[in-house]
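Starting off with a structure, shown below.
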Amino acid sequence: MPRLARVLIANRGEIAVRIIRSLRALDLTSIAIFSEPDRAALHVLLADEAYPIGPGPSRESYLHLERVIETALWVKADAIHPGYGFFAENPTFARACAEAGLTFIGPRAETIAGLGDKLAARAAAARVGVPVIPGSESAVESLDAARAVARRIGFPLMLKAVAGGGGKGMRVAADDAALATAWPLASGEARAAFGDDRLYVERAIARPRHVEAQILADAHGRVAFLGERECSVQRRHQKLLEETPSPALDASTRAALGESACRVAREVGYLNAGTVEFIVDEDGRFYFLEVNTRLQVEHPVTEMVTGVDLVAEQIAIASGAPLSFGDSPPAPRGAAMEARIIAEDPLRDFMPSAGRIERVRFPQGPGVRNDAGVYRGYEVPVFYDSLLSKLVAWGADREQARHRLLGALREFVLEGVHQNIAFHRWLLTHPEFIAGRLSTRFIEEHFTAAALDAGPEATEVALLAAALHAREERLRVTLPQANGSSVRSAWRWSDRRRQPGRVRR
Amino acid sequence: MPRLARVLIANRGEIAVRIIRSLRALDLTSIAIFSEPDRAALHVLLADEAYPIGPGPSRESYLHLERVIETALWVKADAIHPGYGFFAENPTFARACAEAGLTFIGPRAETIAGLGDKLAARAAAARVGVPVIPGSESAVESLDAARAVARRIGFPLMLKAVAGGGGKGMRVAADDAALATAWPLASGEARAAFGDDRLYVERAIARPRHVEAQILADAHGRVAFLGERECSVQRRHQKLLEETPSPALDASTRAALGESACRVAREVGYLNAGTVEFIVDEDGRFYFLEVNTRLQVEHPVTEMVTGVDLVAEQIAIASGAPLSFGDSPPAPRGAAMEARIIAEDPLRDFMPSAGRIERVRFPQGPGVRNDAGVYRGYEVPVFYDSLLSKLVAWGADREQARHRLLGALREFVLEGVHQNIAFHRWLLTHPEFIAGRLSTRFIEEHFTAAALDAGPEATEVALLAAALHAREERLRVTLPQANGSSVRSAWRWSDRRRQPGRVRR
Amino acid sequence: MTSGGPPRAASGTRAETAMRFWVTLEGRDTEVELHVDQGRLWLEFEGRRLEADFHRLPDGEVYSLLVGGRSHEVRVSAGDGALEVTIEGARFPVEVRHPLEKVLLSVKRAADPSAGETVTAPMPGLIVALRVQPGDRVEAGQAVAVVEAMKMQNELSARYGGVVSEVLVAERASVAAGEVLLRIRPVAS
Amino acid sequence: MTSGGPPRAASGTRAETAMRFWVTLEGRDTEVELHVDQGRLWLEFEGRRLEADFHRLPDGEVYSLLVGGRSHEVRVSAGDGALEVTIEGARFPVEVRHPLEKVLLSVKRAADPSAGETVTAPMPGLIVALRVQPGDRVEAGQAVAVVEAMKMQNELSARYGGVVSEVLVAERASVAAGEVLLRIRPVAS
């Protein structure tokens, strides 16, 4: 059993901070790495030790395999925690760790590789009797082959990349003509994104829900199901809000889904923490989708209801120890919801926003957990993703969790960059959300920028504040220059629709 | 059943903020009141509404009975939550609320009055067979009467004020001579503090533990025990760290203590949240001490392990609703500890510190709750108590809770005023604390200022930082003035023991 | 010191001279008169009156306003000559000007469209593609450049179209928010 | 850019001229030589060498120091001519001076005790009692005033004793931290 005293975290942002906290509670040494623009990042400040790893672009730092391994050896790390993203699902990295004598905190390299092939994962699930979405059993070679599958399963259908992920190489086709159009686009995208243009075909589920099962598997043959998470609220395959339990599942479906997840995990000899993803259709039937061989962004909702520290379990498993709770995971208590606080502007088509965090006041109180990766004065770099914080609320039931999350969002001050706090307040008060009627199409069906318009009371307060501020800062109220330049620049803010550089994505 | 839509909070600081959060999660309107120096206090910023109540001194604002009631009526409040302190245990205030048609969120006025008399409370406990500390059954009229009791119960004994609280009018006497000396001092103090010089006598318990039972009682006859809290770590009757469960109790003692607490509550017809305090001696026997007829500062540790929102229950009870969990309170899960973060200087005999909060970074992460009453830039006023924040950690067991609390303290940045974060880190790593061997004498037996000395590594870092800063701020490095004034003032900080104004308390 | 009742300032004579501003908010221009007396302010416009208790917080350009008792925390940040007000996450772009500016600006505004357009970076990022070069004719809505930031690519397009008169950045260049990328001169159509 | 290895600055010639300081820390006086090169600093004193990566955080007078990889967040705040360094809650009063000051100060220090003492308020509060008046003789350790703050009373006492030469505040007065309350002139004993 390897003793893991010094753990290097091959990641940054909130997840690196999250891992540091578990290491600290375990009395292990936390070792951060940082790119040049991350010198003042929170994970560098909080870690026991921190070492530079290269320039800003990920390929030259956090994704520079040799440099990460070399640094881990140089600083005498015993193990590497990959977090999520970066090297978390990269079998080459997991293998490189093993070769360097470092413990990779995650599944075995061959499991990561095997489950990275979506068709192989699907086949494994089917082998142990877990329902999969009807479709092709293998990659389809040509448009004609796809048409043959379509005749069997019917339209609408989906083209998906075998090496897929993040929605790339994915296309829905409603009929034969659409299939013909979609085929070259999807395979081209897949080739560009993964260097592998193979596609497969699945029936398209209308208004699908995304429900995932958290599993933990130790080296002693135990596989535990720690409840599910509903992650249906998404925008372009980017999850925005997750919750547990899923409002879509009754107790027997939940048990069947958990049991299915464990069966898949056993079939592939899974080790460490993982997530088995399912699609749930409008009739409440679930279908295996894929396995994420890592800690998920949204793991805290599971921690809130079970009391289990998933990162601590990952470390225990990697060191060869059994699961802390033996054969019986704690029964989930209550409900939890997570709102991802993202640097983006919901009023401008969710365009990402970078800049300096001018002011923060994080919410607190009963049942509230806020995992932030930023602090006041911190400059959000443009190189990495735009997740600023994960705000989680626990409640004795879904309604208490929802109300607490709403209260925490109302308390949340985060200024200097655009963020989606107001968006989450809209979401949490939407009647369909309150009723738990979710699907991955929720945002496109219900959201418009006008939904965020503030009421007349706020407009009056804005008027008062603006006039007051103009008085306090008298200098700002100046007459325009003769050449008109000060006037022109002022107009930049006066109407959003008149921005000189319009943005499309 | 009164509908409580608008609730005025007759308090300030972290507890007012705490109550606002529960009101928000219940969709009720929170109404703050504030004294002049509290215009920018956090509870004013977070409440739905806020109204001025008078000048800084408590007697002219938060403790000005007529003004509070008038304001509550003026703003059309339905109910008043008193928090702790101020009017929380004042039967006159509770009665004034009732007379004004306002619901007082707390016990009945007559219960508050009845339990305010320590001897009456003791008698009630004895009536229902709950052990009390051997002593006089009524106030002792004279030193001679006290001597008679002493002959019966033996030395050492304690003199206590009948109207007591906060350690005032309390004296330990080891023998007859000490008793003769203590008598006039204790009665004088009691008269000065409570306007009532009556004393009673109790056997003094060596190294007592302070363990208290949380109870909730609704208007439908239900009385629930929600677990105990150990609050033994105190300095001059000021609790510093509380935890649940108590390391001193085994399961059967815990059940007996909880059952005793409920019996006392039923005997006095208790309504709403309350705390039954017990002394536990070195042999693990418990004795009834008194009942606190209010929400306690340390209530969050109970919330962490039970998942029950005690403030929400208080409001439900006051509106006539039954307890949310019916007849069976949730079984406590895991352990929780609370560190009171106080504006005081452990290196100067815990002298309170006021001033501006220059910088904060509150700890976050799994199992951590921080209920702060301050924010960056906030000026801690001198009028009120010095509690800045309550940092609470939950763990699956006591060790995980302790480690998480330690990690959170290490993360905690709170600069500008002196505070006791380093003190708590010392406390949580003390072998006797780790072993759970606590008593109210813990601090006097184990703490010295030298315990907070940092190691040589920190000294070297300080040297580096000071030199670096001196370079960055070149202007500060100036030659002394001819008259020596700049030199003299500099020396103020150079050695703590040479402070011109030494402090004793 | 009780709440409500007549506003304190109305009774006294200590209020400073009123200030007049021309405010543009949510597409509407309004002339307002502001009175401030100690911690109290009131605003008169279009025959209406709004009032509040105010306090500047020690924590940035942030005010606590109590409007009829209701507590609002409001941030006011200054951009290029305009203000942005943030209330519980909702943002309000506001212009506050001297009344004289109104006249001058209305003259200027009429002349503006024919002056052509500039395409600026909406956020800091990397230029991954330039789709045009000087002399190119572009239509309204045509993509002219792609900026990448935070793993997302944003296509920038011309608003009115015309002839590209100047390209100020190269591909792979890092740009700051608001940095001018290229200019387009209008053509008679 | 790998960690460890030879310090970057030692190899180059870009380092600025060294600065010399006289530092008083934990009762010890040391003369140090400080070298800074970009984000790296090293300090030489008493034949030893300490070095670190440093970065000033955007969040006040705070530095992130990496000393042999170990991460320290350090606040340095300036008092009256002296500094206070805070490291994870531990406070270090430090004086950093120009070497010349040492000489001047040593002269001054010797003269100091006979100059008498001033009693100052250790914190902002209210004077609840003055125990002495001008002309009173006080012993070392004798209580001279009581200050109340945050519901606690603090008794202030004379350090050396002498004759009260001046009382600058009245009972019930509010005082600021560091405000001089009274002065005591030494007497020959």
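The chains carry the letters A, B, C and D, assigned in the order they are written, with residues numbered from 1 in each.
To be clear about the criterion, a contact is a pair of C-beta atoms (placed from the backbone, for glycine too) under 8 Å apart; a residue touches a chain by one contact, two chains touch by 3 or more.
Just so it is clear, the model here is predicted, and its values are computed rather than measured.
In this structure, the chain pairs A-D and B-D differ in their number of contacting C-beta pairs, and the larger number is found at B-D. Look at where the CA atoms of chain A average out and do the same for chain D: the two points lie 48 Å apart. Chain A and chain C, compared by their mean Cα positions, are separated by 33 Å. Separating the centre of chain A from that of chain B, both taken as means of CA atoms, is a distance of 40 Å. For chain D, residues touching at least two other chains, in rising order: 59-60, 70, 73. Residues of chain B in contact with at least two other chains: 46, 375-376, 410. In terms of inter-chain touching, the protein chains here follow a pattern that is not a line, ring, star or complete graph. Chain pairs recorded as touching, per the definition above, are A-B, A-C, A-D, B-C, B-D.
Only residues 17-18, 21-22, 24-27, 46, 300, 303, 307-309, 324, 330, 333-334, 361-362, 364-372, 375-376, 394-396, 400, 403-404, 406-407, 410-411 of chain B touch chain A when the two sit together in their complex.
If you check the complex, the residues on chain A that touch chain C are 343, 347-348, 351-355, 358-359, 361, 382-386, 409-410, 412-413, 415, 419, 421-422, 425, 452-454, 457-473, 476-480, 484, 486-496, 499-505. Of all residues in chain D, those touching chain A in their complex are 1-4, 39, 53, 55, 57-60, 64, 66, 69-71, 73.
Against chain A, the residues of chain C that register as touching in their complex are 19, 21, 23-27, 30, 32, 34, 36, 41, 43, 45, 50, 52, 54, 56, 59-63, 65, 67, 70, 72-98, 100-101, 104-105, 108, 112, 117-126, 143, 149-157, 159, 177-178, 181.
Contacts from chain B toward chain C in the complex involve residues 31-32, 39-40, 44-55, 67, 70-71, 74-75, 356, 375-379.
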